[in-house]
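Labels run A, B, C, D, E and F following the written order; every chain starts at residue 1.
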């Protein structure tokens, strides 16, 4: 609550959405993204972090034709249009999965585990998917 | 199918129920046990194996009063009455969880990973919970 | 203090709904306020009035429904998650041309914005899931 | 060859139901027989006719329902698992004193013995779950 | 920050991720299948000991008892009831559930 | 025996359990989130290489493509369609899904 602030007559809180699950195998990544999009309408201080298998949500070249599911990866590119611009990826999660920043479909800030932990500490609300 | 046999006019297959999940956190252990009990009515060659967190299903002293869920661990003791007597526990799963045979509420045969793998190979049907 | 609670898994399959219920009861017993309980993902399945659990087990749905009515809790089922999974109130059923509805009293269906608002208005948001 | 298929998770939440459906279609296309599809655990939630998925996504329930009717598949929902989770046909609803039912055509409700029998009668039982 | 872990450390990497990322000054609460981390002489005892050097570790008593672990809890783990769970959430300025 | 693994090896221990227990002469099929095991240069590459020494390893192409891994597959992994999945089940006398 220390980070809570009053701006333009409303409460502004720091919200972090922490994505830890791979897409398609379960619905959490997709339904998590739906929460992120809605949150944009509330003028909060929103950030997204990708940790563990959550970094797989951002891989380039997803093609869901064969599994007949909706490919929602282009939506991450649209987040900028919702003024959601703080995207963090934890370095160790990315590297241990054989990925580099070039493999990701959006620009992100790569953070160490300790840096991400410090960012989490600053939040008012953390919702993990 | 090589193990299939005709006895008393019916098909007898080797069924193995492989328990890999801890109880209470999810329903798989409980609903898995319900399948085992039903299988007894079909006069098949049934065995149960406990692997990974499945070995936690057999710990003595479970008390579910605080979580207000049904304690189904006594049912494992009743399996003998259903003529289900082949209970296997994988050694490494048990030992890495700090458990020994004395901690388990039923008599089991402790098997190495390789021995369990060989037993699985002999089955006609394996259902894993 | 003001709590919001998020429940992400359905009854029986995961313990999440049980833990959330016990947490809610304990918070109320300590004099805290519960601003909202929000049901998302498979959590929407906690709101069906059609369950018939075994006699010797707890009734997860009825427990929530009774707590909501006794304590005037605001319990919200996410509409998008509910539509994916087949949870409907009378209103939604008629809007979608469905011939039945299955929501139990004590829950209401609304949008995801109610979750974000629950995070803004409460002092703490506690998430229960898989 | 004769296959039986077991589906242990509900629609959308896990890919299990999708994979099972694609497997079933591929098996039929190759001329194999499907002896039975058995829905257990949260898999029973595949049988509700009340889902309204987003327009731009697949309709998991209708796909199963149509496949069953086209191919005369025997698709069985476990009664005990269904009761815990609020899945009922007209018969069960009236027996349990419930005022609504939610099963889609193509599925039937029966006991767990149907799973064991599916394992006995088929050449292979393939399990899809979480 | 209060970190809540509800997954078995023998089956999932949630606890390991939590311990890798969690900043100093927080606390760890184990609930549901997460309580299996408290078992004495297990393969994860060392990890939990390491965690305890940096922050207090709590486990939900009802979950410990349900799983038959009441006599198997490592020294240093503090058992709490659901009321203690509520207190922990109230005492920390924010909370993360490592689902 | 055909062993089917549908869980990410980075999140769960299913693949490790399968590889520990599986008897020689079987085959491994990766589906759903299990296909993440095939990614080149990852922390589990060595485990999967070890597995390939003992049995053939297949991955479901539709799942590999959905996850954007088509250009990241380790050498030696054989991609199959749903029809190939059916064939693998038919060719082995029994099957185990490591859920």
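As a convention for this text, contacts are C-beta pairs under 8 Å (C-beta built on N, C-alpha and C of every residue); 3 or more make two chains touch, one makes a residue touch a chain.
Everything numeric here is computed off the predicted structure, so don't read it as measured data.
Listed here as common contacts of subunit B and subunit E: C, F. The most distant chain from subunit F, with centres taken as the mean of CA atoms, is C. With centres defined by CA atoms alone, the chain at the far end from subunit B is A. One simple way to say how far apart two chains are is to compare their mean CA positions; for subunit D and subunit F this gives 26 Å. Subunit B has its Cα centroid 40 Å from the Cα centroid of subunit A.
With centres set at the average Cα position, the gap from subunit E to subunit F is 33 Å. Contact with two or more other chains is made by residues 6, 10-11, 13, 32-33, 62, 81, 94-95, 97, 99 of subunit F.
Across the assembly, subunit D contributes 12-13, 15, 22, 41, 54, 80, 84, 123, 125, 127, 130 as residues in contact with two or more other chains.
Shown for subunit A are the residues that touch two or more other chains, namely 1, 24-27, 52, 67, 69, 124-125, 128.
Applying the touch definition to every pair of chains gives A-C, A-D, A-E, A-F, B-C, B-D, B-E, B-F, C-D, C-E, D-F, E-F.
Interface of subunit D with subunit B (complex): residues 6, 40-41, 80-81, 84, 111-113, 115-117, 119-121, 123, 125, 127.
Taken in their complex, subunit C has these residues touching subunit B: 12-15, 18, 22, 54, 56-58, 130. For subunit F in complex with subunit A, the touching residues are 6-8, 10-11, 32-33, 36, 39-43, 45, 61-63, 65-72, 81. Interface of subunit B with subunit C (complex): residues 24-27, 67-70. Against subunit E, in their complex, subunit A makes its touches with residues 1-2, 18, 20, 51-52, 90, 92, 113-114, 116-118, 120-121, 123-126, 128-129.
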